Amino acid sequence: MTVSPLQPGWGRAVDADTDEVLVLDRVGVEFRVEDNRISAVTDVSLRIDRGEIFGLVGESGCGKSTLALAIMGLLPSTATVTGRIAFQGRDLIGLGEREFRALRGDRMSMVFQDPLTSLDPTYGIGDQVAETIRAHRDAARPAARERALELLREVGISAAEQRYDEPPHRFSGGMRQRVVVATALANEPALLIADEPTTALDVTIQAQIIELIRALREHHGTTVVLITHDLGVIAQVCDRVGVMYAGQLVEIAPVAQIFAAPRHPYTQALIAALPTSGQARGSLRVIEGQVPELSAPPAGCRFSPRCPVRREECDRVPPVAIAARGHAIACWNDPATRTTAEATVMASGVTK
Amino acid sequence: MTAPSLAAARPRASLVRRLVRRVGGWEALVGIVIVAVLVTLAVLAPLVAPHDPEAIDSARILGRPDLGHPFGSDALGRDVLTRVLFAYRVSLSVALGSVALAFAVGAPIGLVAGFRGGWVDGLLMRPIDLLLALPALLLAVALIAIVGPGALVALVAIAVIYLPIIARLVRSAVLVVKAQPYVDGARAHGASEPSIMLRHVLPNSLGPALVQATVLTGFAIQIEAALSFLGLGAQPPTASLGIMLNEGRDVLTLAPWVEIFPGLALAITVLGFNLVGDGLRRRLDPRGMAR
Amino acid sequence: MSPRFGYLVRRLLLTIPVLLAMSVFVFLMIRLVPGDPVRTMLGFRATDENVATIRAALGLDRPLADQYLAWLGALLHGDLGQDFVSKAPLTTLLSQRLPVTLELTILAMAVALIVGLPLGVLAATRGRWTGRLTSGFVVAAISVPDFWLGIMLVLLFAGTFHLLPPSGYKPLVGDPVANLRYMILPVLTLASGEAAYILRTTRGAMDSTLGSPFILFLRAKGLSEREITFRHALRNAAVPIVTVVGIQFGVLLGGAIVVESLFALPGVGRLIVTAVNQRNYPVVQAGVLVVAALFILVNLLTDLVYGVLDPRLAEGGET
C-alpha cells in the first residue's frame, strides 16, 4: 500500500490484505413503488482491483447511480438488494447499519454530482471536513483541524487557513467540489465512488477535478469508481470501463478497447454517436427507440427492442462471455458467446 | 417489438381511490363532507331547526339534553340546537363574506403589484406590509374600536386582516408565472399587457391563494367567534356562536351543555375547513408556497 | 462577521419607519371615529363644557400635524397621555398591565416550544404512523377555539375538581406560587393551539431539510442519524421554525386579548377590550400602541436571530 506523506498519528485503519477491492456478483436492486416493482439494476457482476480507476458509463436512468448507492448502503427502505457485494472481501449486503456506518466515510467514500447542494450551508467548509475525521478517528479538535487544513490544501483550496470557517456559498462550484473530495478522502478510504463529479461543472473545472482524481490514485492508491454519462471523461482518466443499459451491464473492457473496438451493439452505437471534429456535416447518429420502462422491462436482453442485430435468442438474458483479455460482453451475437463452452454468468474481472 | 405497455401492467384504481386522490387524501374527503353538511344546515336553518330560536320556555330552563332537545336548553329555556343553527348562519356568513372581500380586494392588488413591478409594486405593497406589522386580532379590535361593534364591522375587520395575506400570495405567484415562457409567447403574439395579465397570468396565479382562502375561512369563523365573545362582533339580538359561548359561562357548572355544544360546533366547522384546505394544498400547491 | 453586522444595523434601521407608520395609524384612530369622538367617549357626561375641555386637552382643535408632533413628542418622553374618564396617567396604567400580558405570552410560547419542538422532530424522524397520528392530532388542536378550550379547562379543573381558580391574578413578584396557580390555566389555554402549530411547522421544516441532497452526503460520511438530525437538519430547519415563532408571537398577543378577558387577568389585552366597550379612546390608543410596538420589536429580534443562524440570509442571499 502506498504510504501517505501526511501520516503521523492517524491510527490508520488496516485494510484487508487483498487485491480485490470490490466484487459484485449478480447484484440486483428492486424498488417497491405503490404496488409497482421497478427493477433498477439487474444481474450486474464485476470485479475491481486495487488502484484501478473504473468507469461506469451509461445514459441517465440506466441504474449506475442506484448501483453506487447500493454499494454504499444508502438506498431507501423501499429498495431490495440481491446478489453479493464484497468490499475487501467483506459482504456488504445484509451488513448491519452500525457496521456500515463505520465503513462509510472511512474505508469507502462517495462524492455526488451537484457540489452546490452537497455541503451543509450553515457550517464552514473546514468544519465539514474535520467532522468526517472526528467521526471515524479518535482525534481532538485541533488535530482534526490541522488535518482538515492539510486536506484542503491538497485538493487545491488556496488560503485554506483563512477560508476554513467560510460557509459553502462563498465558494464556486469547482471549489465546493474540491471540498467535497477533501471530505471524502479525509480518512484515506480504499474506495472512492464518484457519481458524476464533473457534470455540474464547466469544462475547465472538469479537467481540474479529473486531474485531482488521477493524483489521488497516484499518491494514495485509492481505487476509484467513476460514474458518468460523458465518454470524454472516461477517455481521459479511466483504466477500465463498464457500460450499463437499463439496469444491465452489457460490456466491460479496457478503455482503449472500448473506444477502438467496442463489441456490444449498444456500446458501438454510443461510440458512433459521438460527434467528431472530422465529421462531415449532416445529422448526428442516433439510437432509435427508447429506454424501456423499468417496471415492465423486456424479458431477456433489455437492449433487444432497439438492437440493429437482434436475433431470436435475445429473448433470453445473454450470458457474460469473455471476449478477449480483460474484455467481457453480454450479447448473443458476439462470437465469444458462441464459443464459450458453458454460458454461465461469472464475475467478469479477468486476471491481468 | 416494443416493450409491453405500462397501462396493462397496473390495475385500474377503484372509483373511491380516484376520488380520494382528486381531493387530496382521505382527510380532505372527510373535510368536504363536514363542510357540505354544515353549510347546508346553515342555509336551511329555518326549515330544519326543531324549535324557534327565540322561544322562551320557563319550564325548560337549563334543561338537560334529551330527544326533543338534543343540545339541551339554556338559561331562558331556549333550545340550544336551534340557536346553534341560527348562530351558525351568522358566523358562516361573516366568515365567508370576509374571505371573499379580502380576496376581491387583495387579489387584484397582488396581481397588479406583481405584474407591473417597479414603483407600482412598492406603492401598493408598502401599506399592505404595514398592515402585517400589527397582530391580527389587535388590528381587528382597533378597527372595531373606531367604528363601533357589529357583525358587519367584524366582517370588514377580518377582511382587512386577511387582505395582506391574499395580496402577498397572489403577488408571489404572479412573479413566478410572469417569468414563464408562455407569457413571453403571448407577448410575441401581440397581446396587450392588460390582456396578458388577465387572461394568462391571473388564472395561473390564484392557486396558492385559493388554498389559503379555504383555511382562512375556517380561522375567520374562529376570529368572528372570538370577537363576538368579547362583545365586539355581532350584537344581540343577532345570534352568534361567540355570544353563546360567552353566555354559557354564567351557567357553566349548572348546565355545561350550553357551553359545550356551541364550542364543539365551532371546532368541527374549523376542522372541516382545515381538512379541505390541507387536501387542496396537497393537490394544488405541493411545494407549499401558501404558508 | 462584518457583513453580518451590517445586516443587523440595516435591520435595526428598518424598524424605525415601521414604528413611525404604526404610530401614525394609532394617532389617526381617534380622528377617524365617525361623529364626534369626544361626545361618544363621554356618553351621558357630555355637556358642552366638558366636551370643549376635553377637546382642548386632547388637542383636537389644533391642526393635524401639530397634534401629531405634540403627541409623538410626549410619547418619546414616556408620556402616553391620560385616561380622561378616570384621570389616571396612562403610562402608569400600562406599565402595570404590560407585565401580566408578557408573562402570559412568554410562558405560553415557552410551553408551546417545549411540547411542539421535540414532538415535531419525532414526527419527522419516526415512521409513517407517527406521522399520520400527529397530523390528525395537530389539525384537531388547531381547530378548537382556544377560548372555548379555556372554558372547558375551567369546567374541568375549577368547576369539577376544584384544583385551580377559575379566574383572577396574583403578581409574580410577591407570591410566585399563587401567581402560577392563577396562570396555569390561561397559559395552557393559549399554549395548546400554539404547540400544535409549532409541531406542524417543525415537522414540515425537518421533513423538508431531511430531503435535501446534503443529508445524503452526510450519511455517506458515516455520521449517525442522531448527529445528522440534531447537528445538521435541525440547524437548517431552524430558520423556518424561527420565522413561525416570530409571527406566532403576534398571534399569541391577539389570543392573549381573549384569554385575559376570559380569566379576568389584569393585562393589556383585557384593558383594551374593556376600553373599546366603554368607548374610552385614549386608553384604546395607548394599549394598541404598546402591543403593536412590542410585536414589531419581537419581529426585529426574530430577524436578528436569523442572521446568526443562517449566514446566507445575513448577506442578502437566497436560501
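As written, the chain order gives the labels A, B and C, with residue 1 at the start of each chain.
We take it that contacts are C-beta pairs under 8 Å (C-beta built on N, C-alpha and C of every residue); 3 or more make two chains touch, one makes a residue touch a chain.
Since this is a predicted model, take the numbers as computed values, not measurements.
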item	value
Reference subunit C; chain at largest CA-centroid distance	A
Selected interface, A-C versus B-C, where C-beta contact pairs are more numerous	B-C
Inter-centroid spacing, subunit C versus subunit A (mean Cα positions, whole Å)	54
Cα-centroid distance, subunit B relative to subunit C, in whole angstrom	23
Of all residues in subunit C, the ones touching two or more other chains	none
Interfacial residue positions of subunit A with respect to subunit C in the complex	72, 74, 101-106, 109-110, 112, 114, 117-123, 131-132, 135-136, 167, 169, 180, 183-184
Residues of subunit B that touch subunit C when the two form their complex	27, 130, 133-138, 141-142, 144-149, 218, 222, 225-226, 229-232, 245, 248-249, 252-253, 256, 259-260, 263, 266-268, 270-271, 274-275, 278, 288
For the subunit C and subunit A complex, residues of the former touching the latter	212-214, 216-224, 227, 232, 235-236, 309-312, 317
Sites on subunit C touched by subunit B in the complex	18, 21-22, 25-26, 29, 32-34, 135-136, 139-140, 142-145, 147-148, 151-152, 154-155, 159-160, 204, 250-251, 253-255, 257-258, 261, 272-273, 275-277, 281, 284, 288, 291-292, 295-296, 299
